[in-house]
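Each in structure tokens, the structures are laid out below.
You will see two complexes here that share subunit A, one where it goes with subunit B and one where it goes with subunit C.
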Partner chain A sequence: MSLHAAERKLGWGLLAPALLWTLAFFVLPFLAMLALSFAHMEGRAIVQGFDPGNYIRAFTDWSQLKALINSVEITVTVTVISVVLAWPLAAIIAWRVPQRFQRLALLMAVLPFWTSYVVRSYSWLLVLGKNGVINKALMGTGLISEPLALASTRTATVIGFVHFFVMLLTLTIYANLIQLSPNYARAAQDLGAGDWATFVHVILPLTLPGVITGAFVTFVLCIGDYITPQILGGNAELTLPQLIMLQMGRSGNFPMASALSVVLMAVVTLAYAACSRWLRLDRL
Partner chain B sequence: MAAKALTALALLTLATPAFAEDTLNALVWCDHTDPALIAPFEKKYNVKVNLKEYEGTAAGMAILDQSQPGDWDVMVIDAVDVHRAVEAGKLAELPADKLPTADFFPELVMAANNTVGGKTYAVTEKFGYNTISYDKTKVDPKDMEDMASLTSGKYDGKIGIYDYYLPVLGLVALGQGINTADINAQTLPKLKDPLMALRKASKQVSDVVSSQTALATGDVDIIVGGGEWLTAVLAKDNPNLDWTIPKQGGLRWAQSIGVVAGTKKPDLALEFVQYIVSPEGQAALAQASCYWGMPANQKAGDLLSPEAKATLRWDKQPDYLKRAQLYPIPDAATDTAMQDMWTAMLNQ
Partner chain C sequence: MRLLSWAYLAAAYAFVFLPVVVLVVFSFQDGRLPVPPFQGFSLQWYDKILGNGALMTALWHSALVAFVSSALALVMGFLAAHALARVRLPGSVLLRGLLIAPMTVSYLIIALGLLTTFNQAGISLSLWTAGIGHVVINLPLCFAIAYAAMGDHQKNAERAARDLGATEAQVLWHVSAPMLAPALAAAFFLSVTFSWDEFIIAFLLTRFDVTLPVEIWSMLRSGLSPATNAVGSLVFLVSVSAVVLMEIFLFRRPK
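Let's turn to the complex of A and B:
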């Protein structure tokens, strides 16, 4: 056996556990879900077959389609706001905080991760409520006379998500920023670029892999999340994961739930395709 | 065949129970997870009761579908869905003569629901009402006696709706003079406009905890679909919270318990069911930490404190039982249509 062949065999051997894992826990379940999505219900029984009815309904029934639109709108909003907030935070930690305190600063940034996701969402409900901290503070300072309707709205959902994902994005962008040599900025300025031009034409493009990687992960986690819109959104509007859950609880319409889940995966795949040019998952 | 195998795999996301000689595996609702309820049984029989919570009959049935016979011993189920479970072969027959139904509130024996073909498959364990919960310092209690006041404009933006389509559509039906048993393909369209009007007047549609939070923090003043199960656990810290059955009536919810078909521990499973419907079990279940509710067995009243009985409105049960109707029991097509209407309401 040549050395090359032996190396290849060793490579496959090392890859095998990961491949088997992916096959068993992703590929097979996905195929199963795909098969189920073409089944349909007769009474309370699932009837196997190739019926595209669930997909047709997902895109022609307005209440179903609206859930998809809501999910995409909320996810894009959350991703954009999170990037805009996380970039300067990561930059401050990477460039302004002394190196010996950076680890502590990162720790502080991710501290909210340590609490339960559900508890954190319910806590936001208390903060954003009619008699919550925000409304009391605003009314106490005389800025408003009537409490703002914050809880049980899309705004509440977005705030809950942004709070979580800013932490995640800060980490990925920070990982990118600390690898940037200061010589890039110096070279640009030596060539006559001002601070803004240096940022827009040199620094920002070089941080795109970290930004896009974090943004993609934010998109994936946000669009598939059920808890936050369920707790904070007050069902003011349905998102796709909520609609999927609704199909299962009592009526057990697993084919429709599967079809909606496949649609959800398709949206994530499209997001991946859009980001793939810059995506560097090794930055995670 | 391949598709069936794949389907089975798709549904195999559900937990399997623990296996041991000295264990009892129970599919339950969250109220059964209270140690005050379970610990005395575990101690008496020296067994460990493994509890798995589920929500929604379909989810519970899916768990059983993906399990081997004998994996599960006991199941708590919505009383109106007992027939559905029996038809699917999920429940074993119970010896009716070994159940204390003679001590039950007569309306809670629910033989029509718990028996099939003259055989008993489940026994009612707990019940309560889906009606109107409210903060009596924020709303006029007299208004709460008439469902029409909810959409009169007076309480716009101050109403929350409990996020479960069966009881809320049932209440909407009562508001329209339609009995819950008469909700079908012909009558259902009549509920659409009133449901949408209720949604328009509401601030939120939320689950149990979010509804309780909203009522306790003053985010909403009224919860449609609420009842003692929603306000009882808050009563100590929030004495202003109250509930009533309006003149149009309310919905009666009831949960049953049965032995799962194929259990390998039928005697222990039956002992558990008997414990749950005994006065001791019933008193603990009525005050379970997840949610309170009336015990089906009247003898539990001897073990409840006067305060607990007051919170449960023990003395008003004869009147309430007369005025409340059972949950709708829709056929599959009507059930789907109800859920579709609910989805449209949420996304209107």
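Let's turn to the complex of A and C:
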């Protein structure tokens, strides 16, 4: 056996555990789910076969399609608001906060990351609920006489999500900003650009990789999340993950749940294709 | 402009901290509801949850599954990263993509796929099936961190060790692993955090031996309670201490 062949054999040997694990517990389950999505229900029994009915239903049955639309609307809203709020925050930390406090400032900004995800949504309920902090404060000052219905609304879901993803985006945009040389801005101003023109045409485009990377991660995590819409949005309007859980739990309709999951994956893949040009996932 | 910046910063931190502060403050509530008005300081809820057997068992399950699944993910991820960084294998770009792929898939879908597979294979659900799911989500993370950390510097040291007669196992254990220690520790720490806090996989893939997030979820069903606040505050305290310790011991750069 040549040295080269021996080395290859060793390489495959070292790779084998991770590869087999991924094949057995990721690829195979995905294929099983894909196959199941073409099955259908007869009573409570699952009948295997090649039936695209679940997919047709996902796009034609309004109660199913509505969940997809809700999910996309909420996710896009959250992503846009988070980017708009996170950009100035990252810029202030990068440009105004003295260098030696920047790490501390970032660490503090992401501190709530370290609470339990379930508990974080719950604690927004304490803030937004009927007897919550906001309603009590507003009623205490006499601004309103009846409590506002903040919890169990789409607004609550969006607030809960934005709270989480502003932190994430601040990190990716900050990482991008501190790599920018101040010379770009100086060059633009020497060439006669005003502050606004420098910002729009020079600084903003240069932070696009950080923005897009953060926005993509936000999109993926947000659209696939069950916890936040379930706790904060309630059952008033369902998102896709809520509908998937409902199909599985209440009706035991695993084929429909599988089809909806494949749709969810397709949406994420589309989002990936849309921003793959700027994505630097390896730099996260 | 300067004043505006500081005002924005203050508002941002207020927004970030508001729910956390409310959570912690009302865990000390001397009353039945964790909402204003604050009725006085009491530790009764902490007393109550520390004496709650189901909760403590769930805590133990979470710790167990977090450490075991992270250790497995770290070892497999490290070996795979070593193989792909060192040895020329056919289709290595594809292999790398395959190992990273689970990162881009929602946890719910990974859980649903595994649930389908376990059901069809007749495997009954337990803490270990949830652990399998946690290795699936943490393996790409460990692999990516280890792979990114491997540079030419290590390559030369490894080659030197091999030339001096070290076996591959000795190279891995005595040269590569110690040189990558900070990255490997960070990967392990992140994995533990993700697994510890993971809800949906644990929810769908366990039956009786549930983890802490699943137990907290079932506490939520009975409505608002300062007991839930107390659990949340304790989890927060533990995580923050871990982050501070990591910051001090692992990420401090020599000045």
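Things worth noting here:
Here is the rule we go by: the second predicted complex is superposed on the first by the 256 of 284 C-alpha atoms of A that agree within 3 Å, B and C clash if a C-alpha of one lies under 4 Å from a C-alpha of the other, contacts with A are read in each partner's own complex, and residues count from 1 in each chain.
Quick note on the criterion: contacts are C-beta pairs under 8 Å (C-beta built on N, C-alpha and C of every residue); 3 or more make two chains touch, one makes a residue touch a chain.
Just so we're clear, the structure is a prediction, and the values are computed from it rather than from any experiment.
With the two structures aligned on subunit A, subunit B clashes with subunit C.
In the superposition on chain A, A:241 contacts subunit C only, with no contact to subunit B. In the superposed pair of complexes, A:151 makes contact with subunit B only, with no contact to subunit C. In the superposition on chain A, A:231 contacts both subunit B and subunit C.
When the two structures are aligned on the shared chain, A:126 is found in touch with subunit B and with subunit C.
In the superposition on chain A, A:36 contacts both subunit B and subunit C.
Look at A:17: by the touch rule set out above, it reaches subunit C but stays clear of subunit B. Shared-chain residue A:67: touches subunit B; no touch with subunit C.
In the superposed model, C is the one of subunit B and subunit C that contacts more residues of subunit A. Of the two partner chains placed by superposition, subunit B and subunit C are both touched by A:28. After superposing the two complexes on chain A, the stretch of subunit C that clashes with subunit B is 221-229, out of 59-67, 167-175, 221-229 or 239-247. Overlaid on A, the two complexes show subunit B and subunit C touching the same residues of subunit A, namely 28-29, 32-33, 36, 122, 125-126, 129, 131-132, 231, 248, 254, 258. Per the touch definition, subunit A reaches subunit C in the complex via residues 7-8, 10-15, 17-19, 21-22, 25-30, 32-33, 36, 85, 88-89, 92-93, 96-97, 105, 107-109, 111-112, 114-120, 122-127, 129, 131-133, 136-137, 163, 166-167, 220-221, 223-227, 231, 241, 244-245, 248, 254, 257-258, 261, 264-265, 268, 272, 281-282. Interface residues of subunit C facing subunit A in the complex, by the touch rule stated above, are 2, 5-6, 8-9, 12-13, 15-20, 22-23, 26, 33-37, 75-77, 79-80, 82-84, 86-89, 95, 98-110, 112-114, 116-117, 120, 132-133, 135-136, 139, 143-144, 148, 168, 193, 197, 199-200, 212-213, 216-217, 220, 224, 228-229, 231-232, 235-236, 239-240, 242-243, 247. Contacts from subunit A toward subunit B in the complex involve residues 28-29, 31-33, 35-36, 39, 41, 43-44, 46, 48, 62-64, 66-67, 70, 122, 125-126, 129-132, 149, 151-152, 230-231, 234-238, 243, 246, 248-254, 258.
Residues of subunit B touching subunit A in their complex: 2-4, 6-11, 55-59, 61-62, 84, 157, 160, 163, 166, 203-207, 209-210, 213-214, 217-219, 331-333, 335-336, 339-340, 342-344, 346-347.
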